[in-house]
Amino acid sequence: MRRRELLSAIALLALAAPSLQAAETVRIADVIELSGNGATVGNMWKNAVEMAVEEINAAGGILGRSIEITHFDTQSNPGVSRAAVQKALDLDPYVVLGPIYSSSTKVNMQLTRQAGVPQIVGSEASVITEMGNPFIFRTSLSQAASMPKLANYIRDGIGAKSVAVLWVNNDFGRGGRDAFVAEMEKRGIKVVADISSEVGQSDFAADVVKIKQAAPDAAFVYLHEEESARFLREARKQGLDVPLIGETTLLNQKVIELAGEAANGVRGHVGLSADAPLPSIAAFRDKFVARYDTTPDHNAIKGYLAVYTVKEITERIGGFDRKAFADALHCTTITLEQEPGILIETSWDDKGDVDRVSFLAEVVDGKQKIVDTLPPLGVTCN
Amino acid sequence: MSAGRLAGPAIGLAVTILLLLLPLTLRGYGIYLMSLWAVLTIAAMGLNLTLGYAGQVSLAQGAFVGIGAYAAALLTTAGWPLALGMAVGVGLGLIVGWLLGYPALRVQHHYLAFVTLGANTLLFLVFRNEDWLTGGVYGIPGIPRPRIFGLATDDPLVFYYFCLAMLLLVTLALGLLLRSPWGRAFEALRENPVRAESLGIDTRRYTLLAFAIGSAVGSLAGTVYAPLVQYIDPYPFALGMSLNLLLMVVVGGSGRFFGPWLGAAIAVLLPEWLRFSEGLYLVFYALLVILVLVFLPGGLMGIAERLRLGRRPVAG
Amino acid sequence: MSALFEVEGLSRRFGGILAVDSVSFSLAEGEILGIIGPNGSGKSTLFNCILGQLRPTAGRVRFAGRDITGMRPSALARLGIGRTFQLLQIFPGLEVRANLLAAGQEHRGSMAGRLFGPPDAGLAEEVERMLAFFRLAHLAREPAGSLSYGQQKLLDIAMAFMAGPRLVFLDEPAGGVNPGMLAELGERLRLLNRERGASFVLIEHNIEFVMGLCSRVLVMAEGRIIAEGAPEAVRADPEVIEAYLGG
Amino acid sequence: MGNVLQLLLAGLATGAIYALAAAGFALLWQTARTINFAQGEFVMLPAFFVLAGTEWLGLPLGLAILLALVLALLVLGLLFKRAIVDPLLPQGVLPVVIATIAVGILLKESVKEFYSAEAQPFPSLVAGGTLHLAGAVLSLQDIAVLLVAGLAILAMQLFLTRTRLGRMMQATAQNPEVALVLGIPTRRMVLYTFLLNAALVTLASILISPVYLAKFDNGETLGLIAFIAAIVGGFNQIRGAIAGGFLVGVVDNFGAAYLSSDYRTGILLLLLIAVILLRPHGLWGRAEERTV
């Protein structure tokens, strides 16, 4: 069965490959976390991608060609994600979307680079855009871009002189923690407790006690959704009276739902939010809810705007040339006027990093409330 | 009878030809899967030695793959040849495997399963936490592919043949080992350790050897895995890989020489075959394992044996 | 003539129970010694203490002038002390031939020789001899587990003799063997004793078998030796009869 | 001081859950020579039975819990014994170990596919609220966990030592041959053990899920820690396994707070390996004479 599939795929490609330009569809591969620990975030992304593709196809496709999207499951496993990208590349796609997990992106981005296929990812680890890869692009602020904004808020908004940082010990948490600590040092804020925790950890009593003992002016909490919720409940139980500061995840709707009342009062920086005070995002949110009966999170927004980025840039270059696409997506901006599907005005720098406005938010009465909008950092392009 | 006698070599020849020629018809993904299969098969053959032949359960084989992978990654990214990485990886595998054998001298079966499981997680924590050495959660990127006799293996197909060559070498070496008196002593240890000891077989020494050699073969697989994926971090070497390797050995046929070939093939290909089921393939896989255990104690190779009536079990 | 094998004041305590109570005896080269006694008299514990399965609480064991107390079974085996077990102990999943090879391979050569040398460890001829001697030649390629009980019993004993031991401990060799096979078994043991000069110590419940085979008999009860001597003399000993009937 | 007490109390509350899982684990080993590598998933699953009851069938919580108990008894008790353990145990301990590894994967993946991959909030049977005690804080939920788990453990001990049925089960666990000779229906006793384990994991599941949420992969950590608890305490003795559960809960918290959070799991694993090597029957276990 597999061989027959492969043979037919090969036959198809033998016919299709030399004349990609002549085909009536444009093939986009979506390599994403559909199972494993990342299934939640991956399915948000996938559903939003599906939605965007259908909208674009219904409106006549990209330069008259409709998008043919194929999803590949990374199983949230870096090794599998590499195989999945390999498999995706065998289809000779125009662009690869995903994955979200940075650990997976780091493993598989080498392949798209070798193949010369642009890859638009949902990952936020700083290192991804630091390897000089001309085919890699983000959809959201990297940790290196978010942390300065957050650090300014901790210094100016909270007025903290000392902080505790609690992070999940994987590449996501460690990456955020390292970027955060560096920003604290720059601002002369002392890190008085530096606490790692495990993925899947259930008991946060010791972590809360450690924060209490350190008595910081604020605590920065950088965990995944469930762990965030478990921590918030324990913190509330022990009556931890330190401002709890988060970056995107901690203020996520899922965390609020799981932590219940204990999430109230959490503050922080949000890169992308379905609750952003923008009509375009509100409209997207409503469409998404109507279609999937669930509230989109920032990963859904990332997936959605990734597809519209492909559309807009392709239309700008006027053809399906991968190299030209990659060149055109460096040092550029897509505004809402140019492409409403971008949802929020977004700029890319020469490394593929994203810049855009972001938000300060607070959880009030079980809802994420945007309290301030922070301006973009300003793209640097030589 | 004569037809049965020819069946073995005939199947062997057919499989070899398939392994040599099939990749020529495949694109990147198929070649990658076959390379991965070869690497996992090496690791599973090591575990099959420890578990299937010597009867010592190890839930730490994945960590040994990790030891080999880190040895190869650290040395080759520092500019040393892969051959050195292999020597160091295998050497480390032997030493740590030997040490892991000591608990087996005191406790058996389920206790041993727990000790080795604990060892796996401890090694994972070392890979993750000692970032001055291993790069921690950030891992080690840019692992180069080796040059073999001056030939670059950057092309996936060429690297596949390198993986296949390693697999065939390991298969040959293990075949010779298992035919030797050592192999027989391992089997005696599995079949009846008390009797083996009373016959002069130093069961302590052979237990340690079984762990050391099986683990070192796992590490060897790791030294091929690192240049295959070209980026490693600690997560692939957590308990999951050990459990998967164990299931591969069991599904293929524990103590069957070619069992791991089949077991690894199923583990690698099942997600492909069950693509229609999306995330459900693991459910099917788990069911398959249970069914094999209940109905085919000899694993899938056990059926092959039953079909070839008159042939003897693959024993030393 | 100095003794080949000597046990001196051997005791083993389990909690409050003295299972073997300062037992002493010796054995001359070429002798066949029987140990009998009712169930629970400490025979098996004695064997296990001598043969390295259990550590004796007190006492010494000497073999060929050497103190072997507490040595591991494999070391004892390599010194030339073989044994069989009360229950059948073979390698059921291995071929009959492989069973015999495994039984003999560790007694000569080095570890390196066993890895790089010939697969049969130079034992091919010896294996053929053993197979012929125990009339198992036609079964050489069968898995040992598929043999009949009697055949497995023969294989079990053949394995103990593969390496040409000077002394063999047999734990109830006649147990579960049918009468026809029993005569055959006794005959084989006598032949091994005569032709190879192997000495035996055997525990046995089958008194007839012991009387027919052994030159000397020890009787144990409650962890102690209560009688010792030629088979006929022991059989007539009132204390022995008391131990069996009263036990 | 308040912090030390806080860690101790939190450790005991979590430890109570480990104790329940570890006790079931020990029971299965004693009576049926079954090492259940899926014990963590066994604790994870009943919470989803409850959620399926309330969310899909619209049952009130009490009824859903009852349904979960019945399903657990059927699936994790009866079916587990009949379909997995009975056919495999004659082949030895190891095939059962491997099969339960597969069972663990099966349960985890099934929950993920058929219910949800996301963590689920789980209704609590206890009102919110906290109790202050010498600088430490306990939630009413913690107190309920400690109380219910403690009572369950006590009840189980009384059942096993004071009732005829319990003593028959104990006898079967200690020496099945003798038990059979004494006319005890050992096969039925073994079945009861599986049912008792199913009830214990259901209780653990319902106690832990309101605090730590219900998620398909919760069993991975929980199962590992329950094994460690059982072995450290001594898993041939139910009392030992229970004590091990509390000990591990407390050590985990103190280790994370005062030794190393990076090596948090490692501390428990070192404890495990040390106990296995130095005192294989566990800290409070009964030494099993190794038969040669």
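Which chain is which? They are A, B, C and D, in the order written, and residues in each are numbered from 1.
In this text, contacts are C-beta pairs under 8 Å (C-beta built on N, C-alpha and C of every residue); 3 or more make two chains touch, one makes a residue touch a chain.
All figures in this text were calculated on a predicted structure; none of them were measured in a lab.
K.L.:
Report the chain whose mean Cα position is at the greatest distance from that of chain B.
P.N.:
Centroid comparison gives C as the farthest chain from chain B.
K.L.:
Does B-C or A-B have the larger number of C-beta pairs in contact?
P.N.:
Most contacts of the two pairs: B-C.
K.L.:
Taking every chain's C-alpha mean, which one sits closest to the mean of all protein C-alpha atoms?
P.N.:
Central by C-alpha mean position: chain B.
K.L.:
Please work out the Cα centroid separation of chain B and chain C, and write it as a whole number of Å.
P.N.:
41
K.L.:
Any idea how many Å lie between the Cα centroids of chain A and chain D?
P.N.:
38
K.L.:
Can you compute the centre-to-centre distance for chain A and chain C, using the mean CA position of each chain? Integer Å is fine.
P.N.:
The answer is 73 Å.
K.L.:
Counting only residues that touch at least two other chains, what does the list for chain D look like?
P.N.:
112, 262, 265, 292
K.L.:
Two or more other chains in contact with one residue: find those residues in chain C.
P.N.:
If we look for residues of chain C contacting two or more partner chains, we find 53.
K.L.:
Two-or-more-chain contact residues of chain B, please, as numbers and ranges.
P.N.:
In chain B, the residues touching two or more other chains are 128-129, 194, 279, 282.
K.L.:
Spell out the part of chain D that touches chain B in their complex, as residue ranges.
P.N.:
By the definition above, chain D touches chain B via 35, 83-84, 87-88, 91-95, 97-99, 101-103, 105-106, 109-110, 112-113, 224, 227-228, 231, 262-263, 265-266, 269-270, 272-273, 276-277, 280, 292.
K.L.:
What part of chain C is in contact with chain B in the complex they form?
P.N.:
These residues of chain C touch chain B: 51, 53, 72-75, 77-78, 82-83, 85, 89-95, 98, 101-103, 105-107, 111, 114-117, 119, 121, 141, 143, 159-160, 162-163.
K.L.:
Could you list, by residue number, the parts of chain D that touch chain A in their complex?
P.N.:
Per the touch definition, chain D meets chain A at residues 3, 6-7, 10-11, 14, 112, 117-119, 121, 128, 130, 137, 139, 142, 208, 211-213, 215, 217-218, 220-222, 249, 252-254, 256-257, 261-262, 264-265.
K.L.:
Which bits of chain A are touching chain D when the two form their complex?
P.N.:
Residues 35, 37, 39-40, 43, 169, 195-198, 200-203, 205-207, 209-210, 212-213, 225-226, 229-230, 233, 237-239, 254, 257-258, 260-261.
K.L.:
Within their complex, state which residues of chain B touch chain D.
P.N.:
Within the complex, chain B touches chain D at residues 57, 103, 106-107, 109-111, 113-115, 117-119, 121-122, 125, 128-129, 194, 243, 246-247, 250, 279-280, 282-283, 285-287, 289-290, 293-294, 297.
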